[in-house]
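Two complexes come next, and they have one chain in common, chain A, joined by chain B in the first and chain C in the second.
After this line comes the complex of A and B, so read on.
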């Protein structure tokens, strides 16, 4: 059949397909362009596997009756309690231990141990629990469904579930009812280029200096030097989780 | 054998059916109200805490999910293992399995911190997590058993009946293996971290599912004035006896293994001797009511032909099963985690080294009962809409 007018030979299906493709392109293009512009403007550097952030706690220096690190953590992340210790969030806690055989007493702090092989990440059904390239274990508050399986799996009882409606949250640490949370190794400070955590600063200020934070992969860092020259312990080392938090004199 | 006719569930008077359904709907509404109350306020209004993170709703949910896969066994015996006496019960077995799973999942979902994020659980999978696998296994169970039921009811697709029976059977084994592995894969806690959890949950499902099946079958036939012959009930009864014995055997093997290892002496002493409510639930709930009494009712010649003994044995199995899951889920969390082996905890602000207390609240119980009501209501509606129950289950001539 010869062509008798200048209309394009487009059947209905092609027309609809073309329309959808055009509409899609129109809808997506601005986002792509904006993204590209933002990317050009200030490139956000992701976490690098060249670093592994960790912490060392010297139990000999951890002073009886002191709670400076706990208070500092609560202030930093605005972990306001409701006077209900069973359900209030605790990202860091002090523990006093006595050896059953020898009677030797230790005092120390416990928090997320930022394992290389974290059981919480293994069990999380939605990938909300995740480990950054630099070793920090976090919870994505946007995809946590609040199933608490990670709390069942954590060998350190490091995690808390938000049992209440929260108000006046810190910009540093957005939180939400119904999600699980834990120590972030002050990731907001790390990403801002700072080199200390809130608990470490508080411990230092009170003159104990029991906590050192730093890059385990950097042989020149203070934490690496301390760990190289001292015998340190991982809690539940039998689980082979290669914790990022180590203890001296435990 | 006489030809089998199936008919929708009609009671003597419509009022009897609708009153029953109304009662179930009331429990469902109370359960939903309780869930709203807990979600609105946050979990602090429940008995759960940062130490006992899974509470009574999980006990109900796991109990129903485990029973769901077991309820399908009767259908599997009919199609996979070729038991002619079981075949007419296959349709109801599938319907009950779907209903129980739906009830259990409702409770599980509404106890999440963020049940509104169900879509995330359905779309983002961490394939190393057995929970993520379970989302797939549970969804798949609905689909497979639904189609399986269809092949039983529609002659035009009846040729797929046997293959579907096999698929459903293997899927249900996988499902309960997945549910048991939720605990089996928990390396951190002394009470769990055992490969036997998976097969133990499978055998538990056989027992609870069949008990649910017997109770609801007898109830439905009473409700609709239909008759069940002794032959089938006796077969079901004998099967239940085997399953109850098998659950006791697995319990024995699990605890004996733990008693051998010094590392596990603490948790065993807690559950078997010093755990208070958990010890009582283990010995009186799980072993006596859930094991010894049903075995006596099933095998004693005194109750040879008593269908009330069969009914009572099934109820006892369910009470025992509920106790067993309570002891596993909550007893296992109540026992302190051994974070510092060889050390005694003198002070801790986070309950290290102490037995954690848990007192369930009314709202948690209401949500759990609501789940059972959802299961039963789905079964009642399903049986009313579809030809699920044989008109009569009289013994064949």
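After this line comes the complex of A and C, so read on.
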């Protein structure tokens, strides 16, 4: 990250000192590139591509009339509405699917599917829409210009646009007028080392346990075990986006 | 000779400017902009040396925001929410004045230098109370 400040500071001296020290370290073994001079076996800070966070939703367990996950998400991220359902922010929503032939009704929740190849990222003109190393698809509001191309590109209608000036946002979810937003897979919890999302906790608390969150890359994780032993579905699998959110019994 | 006349005039103007600016700068350096009633008012210095923070806080925060949002590394030394926790003035226990309101911590300097920080279009301006 380049600094825009042109004033000489203490940091420049430290940088020169550091450069000399690094040059010394490299001179010990000429021709050998030392990649991890400072790292030194410490745990990786921040998002790592060794993980891929994902979610499984069991539609059989998703209960009719229940909105525990939606309420928990709204509370966690302080998503306050303006009584305008068409435009109010919606990071997770409940959906009913009825088979007209058989009359069977499927209930499920829909949110950002955290695709491996996200169309929202492809179309973003400012690089605000991006995928983290650990597979979480986010909007960087610092560079979002609110053009809403990503909302058009998303096949899941997962993103919302903030139409109003907001105040007293949650520290964990800064959000404001003119930016697009969507489910973050509770990225603030992930970064804090927690292993559950707000919607999962709420669903568990209500006794449905329809949502499982976890690391798709870890074969021992609960989510990987569930996906291994059950037949799961990606919504719009034909688009080959390799979604991070999968559905059971759909 | 025209050019030298102008340059002399310029130098004289510059000198006058410097002479006038120095007391103002001294006054600024000696004064404190920490708001009464904030946690910061009870502390001897900011998270780094006060002059360093005054000069470089925007760079620290801009670097921090990219590392936090894009790389998911929230272990950095500087954080906007900590600035707000510390610099927001309490009017009563648990009641805070927004840091960007008239005369408050962020506003007082930024109004002076005519800079409009965009932070608070998205970030909250008071410490968060969460149960």
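Keep in mind that, in the parts below, the second predicted complex is superposed on the first by the 204 of 250 C-alpha atoms of A that agree within 3 Å, B and C clash if a C-alpha of one lies under 4 Å from a C-alpha of the other, contacts with A are read in each partner's own complex, and residues count from 1 in each chain.
Convention: a residue touches a chain if its C-beta (ideal position, glycine included) is under 8 Å from a C-beta of that chain, and two chains touch if they have at least 3 such contacts.
What you see is a predicted model; the values in this text were computed from it and never measured.
In the superposition on chain A, contact of A:101 is made with chain B only, not with chain C.
In the superposition on chain A, contact of A:179 is made with both chain B and chain C. Residue contacts after overlaying the shared chain place A:152 against chain B, while chain C stays out of touching range. When both complexes are overlaid on chain A, the residue A:117 reaches neither chain B nor chain C. Overlap of the chain B and chain C contact sets on chain A: residues 165, 177-179. Here chain A touches chain B in the complex through residues 70, 82, 84-90, 93-101, 105-106, 110, 119, 121-127, 143-149, 151-157, 159-165, 177-180, 235-236, 239, going by the rule given at the top. On the side of chain C, the complex with chain A involves touching residues 52, 55-56, 59, 62-63, 65-67, 69-75, 81, 121-126, 128, 130. Contacts from chain A toward chain C in the complex involve residues 1, 3-5, 7, 9-10, 45-47, 130, 132-134, 136, 138, 140-142, 165-171, 174-179, 187-188, 190-192.
The touching residues of chain B, when paired with chain A in their complex, are 39, 41-44, 48-51, 53-54, 112-115, 117-118, 120-121, 124-126, 128-132, 134-135, 182, 185-189, 333, 337, 339-352.
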